[in-house]
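Labels run A, B and C following the written order; every chain starts at residue 1.
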């Protein structure tokens, strides 16, 4: 399989004396400064980060502030469609969007394992920079620590994000109401299957690639035109099923999905049938669930479909009042079953 | 025991006489499957794959016959 | 996907349900043997569209569920050894042994890995010569040939660091044991289509004859299961018994002879314990002849006590079709997929886990 690290066009790696991360890179001394300057400032710099303070001085913000945090550990670090750097920015940006906020500022915390290749770190930092630019956010503060070899898994990343809530929006799962529709912006299961394929050596004519992307442009356009949105959620780990179950739990309403409307591409489909996976439980990294009144659905779909990130947008279900608090699926054969929360990870099965 | 699914052979590698292999397509996913126990298979055939081995060749004519009969079933009796 | 989607078609399903309703005139109890069939019945909620006269009972065809506790304990001990790489199918990783499971062993630093195919283990053994690579071989006759191929290749390649912890079991002896039981209330069977793809249908003829039951070889998609039920009901309504193959696109009456030959070469039958049921003679496989050197029980000194019974778990009664998961006092109370008391709750196609996931009894209408 093609090396996913070579998917990225890259600037040549800045000149460093060492090929690998050493304990001294986290020691706070000259080597730390050099690493920060040559890699992080070079790859991510902006007027706030360049000030070089311990913390970031942010300008006053308009309106209510949303704040979120997320940590990223993924194996493999490089996968078809991106790397851990992409996930670290897109994940936090999308979480802010799910609050109904315009994403603005990101903090970046890294824990590096001694021995990690600096060349790989540079590729990840560049991806972080590109993802931040695409999302319209600035990395304004950060931190780097180094742990001894064997005490980390190459790199762990934490990002926290701040944004301002769009006026007029009041996103809350408790607002989920009978008659609302559930919209998703495209194919499900891509990210989880991309990771699984990389781990298990599954090939494909058209490889499944991670859908990691930030949804800023599409969602800001939706916010500007639609203030009747009730719920937003990004179906990451645990997939659609987990996200929608959580919403049912919070709101007390039921949700009914239609299996024939679920967008699943052939690559994900084939891998799921082979391994015995249910696509409803597979992670997504560039998808968002939008729950809003049915009367607003047509306009919402039209807006979403005008963006690349929303080309595949469609209605996949409705909010119901009965059975309360339960997620159901109408199957392709016309029967209905419950879609429960998953326990732990899906593992490939023989039965 | 249970999870065997149909896939289409896209290439065959018989370099190991004791472990004949094929690349098999399932939807868009492709997996290497051992076809050692199937006598008469070619590229384009469908096989039933379980844990990396092909257990049988799908009888496509039979499948068509059954499905056609079921389509006609509705108001009339199935054979 | 071809030869899958057609068997999930609503129109064809409706046609078959109509056909079943026309045939059925009284109550019948039918057992689907295979856990994959149970999974499909519940995933597509076939119970919602079948006539009330038909009761489906979930049989012991879950090789993960019926793996004896002490075999899992043996795998756990092996996984914990510092020089061992324990490889397994994904299904087995969460199944509880007497005090632990393989995922916990992994969490504590054991080298436990799951594979899709046993053939992958050959490469793992070659690439890790410093480790003893053990494969935990679970499964019915469908899976045993793949393991036999792996062991034969290991012998051909002269692999010194590869062995197998064998826990294969055979379906026909289990069916016989069920039918011999006085408490059996099963009128007809849906036989496991993929087991029969390997073994053919002839083993079931004497069973059907002796106990005067219809046994219909059935596939796994919702349409396949309805076809199987339809054929069983037709035979029952006419007072007929015997074996019928309703999965002809995959199953030949003679099965896969080359796979059967390989099984005979590498394995021999032996008595085997079935978790929740007990010992059934000639119902398991063990490595034979020149392949015995690959038996992990011959390579390692494993001091594991014999099976302990697990408190409140009624796995035996569920696996023999006498009770349903909802009949168990611990179902959803102390026994959940997160904290299973027995294997039918852990394995995704175990009857209890499947019921828990797909079919809550408290929901009256959907």
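The definition used in the following text is that a contact is a pair of C-beta atoms (placed from the backbone, for glycine too) under 8 Å apart; a residue touches a chain by one contact, two chains touch by 3 or more.
Computed from a predicted structure; not experimentally measured.
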By C-alpha centres, the chain nearest the middle of everything shown is C
Set A-B beside B-C; more C-beta pairs touch across B-C
Distance between the CA centroids of chain A and chain B (whole Å) is 37
Chain centres from averaged Cα atoms put chain B and chain C apart, in whole Å, by 21
Where chain A touches two or more other chains at once, the residues are 266, 269-270, 273-274, 276, 349-351
Among all residues of chain B, those touching at least two other chains are 1-3, 5, 26-27, 31, 50-51
Residue ranges of chain C touching at least 2 other chains are 1, 4, 34-36, 39, 62-63, 89, 116, 139, 143, 349
Chain C residues touching chain B in their complex are 1-4, 6, 11-12, 15-16, 18-19, 34-37, 39, 61-63, 89, 116-120, 139-143, 145-146, 149, 152-153, 156, 192, 194-195, 197-198, 220, 223, 227, 230, 248-252, 256, 258-259, 262, 349
Counting only contacts in the complex, chain A reaches chain C at residues 200, 266, 269-270, 273-276, 322-323, 326, 328, 331-338, 340, 343-344, 347-351
Note: in the complex, chain B contacts chain C through residues 1-6, 8, 18-19, 26-27, 31, 34, 36-39, 46, 48, 50-53, 55-56, 58-60, 62-63, 66-67, 70-71, 73-74, 77-78
Residue positions on chain A within touch of chain B in the complex are 197, 202-206, 208, 265-267, 269-271, 273-274, 276, 349-351
Listed in rising order, chain C residues that touch chain A in their complex are 1, 4, 8-10, 13-14, 34-36, 39, 42-46, 48-49, 62-64, 89-91, 93-94, 103, 114, 116, 138-139, 143, 222, 336-338, 347-349, 356-360, 363, 365-366
